[in-house]
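Paired with chain B in one complex and with chain C in the other, chain A is shared by the two complexes that follow.
Right, the complex of A and B next:
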């Protein structure tokens, strides 16, 4: 490919040789016999360090750094210290696939946390099986992974798009049962389309006859929504759904607030928890906010209030903001790793588990999250509760907080094993709305 | 110099890649991607010889990759799928070429860019067919009828990439020294002269355009086989830019430049990402800046200068027998 047999090719060859030697140097890790305790536990973590999704990726990385320090300060896992190795998902799938291989084959990681982007997860779940490396899918949304495929080495330490969106729909049906029209304004990419598909399918089943007055899919990363806002002002929908996130959502909220759109329509924003602190009080009270799980620093009924407080205060002290849902997802992945290793260690009487034993230990595992606990089903999908609330302005915080919070237990709103979400959503019964848990108010 | 010597050089280079991929297993994937991109960059070099820069060749990359992804369930063999995918890339190249041939320079570049972004948007918008940004996953392919293990398959992809690179490199060299190829340089200097000679410049450029689309198609097909997941990002302008970046980095004068550039680009990226996960873009950018400022001939130019050869303009290297397998 790149050098020749001519005289003078030596320079080039030695240059490439040096590169190769560099590669070998990276590749040289301590060879660990299975069963013996390694000197160090290496964890490859894929997250967004560049690009728009770094609004989730960077806080998650910070969380990982904090939690790995805490874990190691407490003695590590089975006496072994853990070290995170971060890689950037930003450049896209072909780069990420290379990075995944590098982490496994060169860095010799023991475990991977991957990833934020659904495309990355779809690419790496089969890779996990090919390379036989336990992989925790820690944040991606798509429900297709375990519905379309079966993987032994990949598990998910969080929910997926179906329960995340269904919870918001159920909450809306309870909070505002008599709405007649709806509009959607989602980012124009897979998540925006998928989440609308889930919401619409569920809505048609549970409340047929609602008219969809506008389906708007502005460009991903758009910085101006004036056309869309005008359209929504003209069509006067009772409800506006937006599963947008990051800068797109911040801008949408600000521009909709400026033009009083929030006064006319009730907004359903299943990802807005991650934007609350940034948009401040631009988000008016009375709109429905979700968090891709039961993630809220003022969770009304945490399993262990001290655990949540340590997590929130620790993060806030170090990084100056409240942890958002991607921080919680990272905490779940770290907790999943710890609980999985402990289970596998116990099963082997304290001997260090190999990759297959570790991967098997994750199935059926229940591990604590900052707010409650998550159980991994036999198919690898995590069962994670969902918290939805209504925005409220209080004096104690310079941004909207959640009121009338409902914590949905995971199981009833998660697609059962072996079924596809789009089919299952068509079989929902209206009693799902009436059997919803009671709402809990904001408490300072 | 003789074609045989350059062929030997190319083979030696390919063997070196195999040795490197064998010694450092994780580099196998990186080198496969670099080879694939190198083949696509050959197409860029072809157009560069006529003084034209296409900022939209990622479209042909993506066409072949998506063809592979859509047809793989029906035609599960790489040997059958390759001609179909590359053929489609070339066919689209022909249709598009008929239009873009009317334009030169910045207009040529921008029109290509616009068309590739239209294709990118289609991949995203036709969500129910393409799965949008989530992309489509390729099932494992057979190679000439043989079902291979995962390990063997990654070798098969790398080896077929290298064989295709050798064939494509040789073909481009032959093309460059053919009348049709020599006429490309005529377009760059003064197009009317070709007309006076009775050579229709549009046809000359169209032929080069179709070949470059096919080369991008080969690259896209290998990328699809290597990553086994195709996403619209393949058609995004940054990917097109990457191909031009590699062409500049490697040096536009020779076939070897394309592959040197691709290898340097991918290795820089992967090593930069390994050492500073959140600032690798800066390293990549600095490398390109340094190359532009201090080595306008690219890596190939540096190599030639070190060897004390005469500074080569585009084409000189190839005819000197240094470049090209």
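Right, the complex of A and C next:
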């Protein structure tokens, strides 16, 4: 009896103690209970699972599922298995903000990958700081995030629109230096407008005097570009720029090909790598193609050929297609997460890092990508190389592949820390074109 | 006048594009208008029927190509796909919507919107999210070189001739069917006064079912005809239904000829905007709609209805 009474007393005391500690922890916020090794690592991943952008979002989710399985099969991170929790960006930014908060506050995720939409990234970077939750911006394009703000908990595991578009411009200036007229046909939303602003500013700096003969911004998700194609056929610009993507770009390429617009103008398509396999040989040889990074399954000089092959073959075997750039961006985010945790764990002698320590570990981090490596600058922006090439038809593939590929090192084409892209682009010097790396030919 | 003569060839090109665009818009909007006329329900799920018609036509075309059927077979298969979608999906949707017929318009919209969302997910389950393409009919018909202003502009024969041709045939068939056939007259009777029509012995339920199925098939035909010209992606149904609503509101609910004229106005308006003021292209349909509704709230061809209070 006495023993049991003693036991009961101890239980009550410990229960009161636990309640007190719990109350303190709640009062002090989420940080106090951190540092203990979790049973599992919960990673919230925002991607498009619905709507037109799901052409990127779903392959990225598939990539995440594949890579998380591989990561866990290899023992996880510091012995902890990771579990992705996907949320859909499709319903819009307001819904996404709610989802972000739910992931942090209800699901208690340890880390977030966010997002494809620039609007989602712009919304979640301040949230990351407000909720003090490490967030990897894994795919969005806008250059404004780290140019307009400073965030401690948000980092970016890829480049942004400025190097992606500038690389295509530099390539064009080298490949076709004598062009005199240009037209643009971009989707009518932030990316389409911003990317044209970047291209135009760079063009006016590096090659002033080029005449813009048409600025067309058809509705985002438009299913027919016949009228725009007719106007471009009639206007006969030397160059047509389109930063469109997904079904819009596929349709534009097919309609332009059917009506021989590719015979009249050289196209610059900075995002077309993601459409090549789908449009088959509708995209003729001789047009400029980019990949929002150095992502290309036939990369001419990968840092680790075996790594690229494993990634490409693994994805293709499982999903039946070649991985497109959003798959590479997701792979970079997973690699960034792993490298960040390992760095933070090493800094604490193997003890589990809290959120602030993990967020700090991402700064200055270099991690491998399927094709090369990415370094995160002190401001949180990733430095990612850019690959641009020219379309070419070969017998080995039923779609256009890339030839005359130039891999631009990230740093010289990325806006320096503390500067805004629109100002920096006005300071570019023509020797950027002449000092471009040497082009590498297609190799099967 | 000087401006007109300077830009005559551009306006000529814009007209050709506008006709093709108008034809595509008309095919969907007229089905929506027909359904509203007889059922008095604004069917948001009409956009899903367009999308499913497009996907089905593409799948059937790809299937036929894989089986080695001749290229010309791809054209009738567009109609077959549309008919199948109309016959399979039309009747069950009509049964569902009939339950909301006398309910509040808000409830009707919510029910059809819910149906639209369900069908959107069903499309993703069946066809996935990768863009689907089956452009055999466009390839089959090839291009036509249009000499204009000292230049030669290639147009797709499919878009230049087939789309407007089918739209004209559809318009003629609908006008003839509504005015010259017994079924058409019964349909007009049901549309005008359902109770009176039933009192005269007309089987209003059957008329509604057949009309809805025709409307569904027209939406699917719109999608099927559009499918060879584009890449099919999730969300095409939503974009289509928004534009169709603009046409229907501008034309006046239940007006077939009005839908044709409004589609023409919107098609030409968008096309001219691309040449003259591209920034306005996206809003042209809605500018036309607002302009018309400000002057005629019942739409261009709509009839004012008295309401008992």
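We take it that the second predicted complex is superposed on the first by the 411 of 444 C-alpha atoms of A that agree within 3 Å, B and C clash if a C-alpha of one lies under 4 Å from a C-alpha of the other, contacts with A are read in each partner's own complex, and residues count from 1 in each chain.
What we mean here is this: contacts are C-beta pairs under 8 Å (C-beta built on N, C-alpha and C of every residue); 3 or more make two chains touch, one makes a residue touch a chain.
Just so it is clear, the model here is predicted, and its values are computed rather than measured.
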item	value
Touched partner set for A:50, first chain B, second chain C, both or neither	both
Partner chain in contact with A:404 - chain B first, chain C second, else both or neither	neither
Which of chain B and chain C A:218 touches, first, second, both or neither	second
First (chain B), second (chain C), both or neither touched by A:233	second
Which superposed partner A:123 touches (first chain B, second chain C, both, neither)	first
Chain C versus chain B, contacts on chain A by residue	B
Touching partner for A:273 - first (chain B), second (chain C), both, neither	neither
First (chain B), second (chain C), both or neither touched by A:188	both
On chain A, positions contacted by chain B and by chain C	50, 188
Sites on chain A touched by chain B in the complex	1-6, 8-9, 11-13, 16, 19-20, 22-24, 26-27, 49-50, 86-88, 91-95, 97-99, 101-102, 104-106, 117-119, 122-123, 126, 130, 142, 144, 188-191, 193-194
Residue ranges of chain A in contact with chain C within the complex	50-52, 54-55, 57-58, 188, 214-219, 221-224, 226-228, 230-231, 233-234, 246-248, 250-251, 254-255, 258-260, 278-279, 321
Chain C - residues contacting chain A, complex	9-10, 13-14, 16-18, 20-21, 24, 120, 124, 128-131, 133, 135, 138-139, 143, 148-149, 151, 153-156, 159, 226, 229-236, 239, 270-271, 274-275, 278-279, 281-282
Contact footprint of chain A on chain B as seen in their complex	5-6, 8-10, 12-14, 16-17, 20, 23-27, 29-31, 33-35, 38, 124-125, 127, 131-135, 137, 150, 162, 165, 223, 226-229, 231, 233-234, 256, 259-260, 263, 266-267, 269-271, 273-274, 277-278, 280-281, 303, 306-307, 322
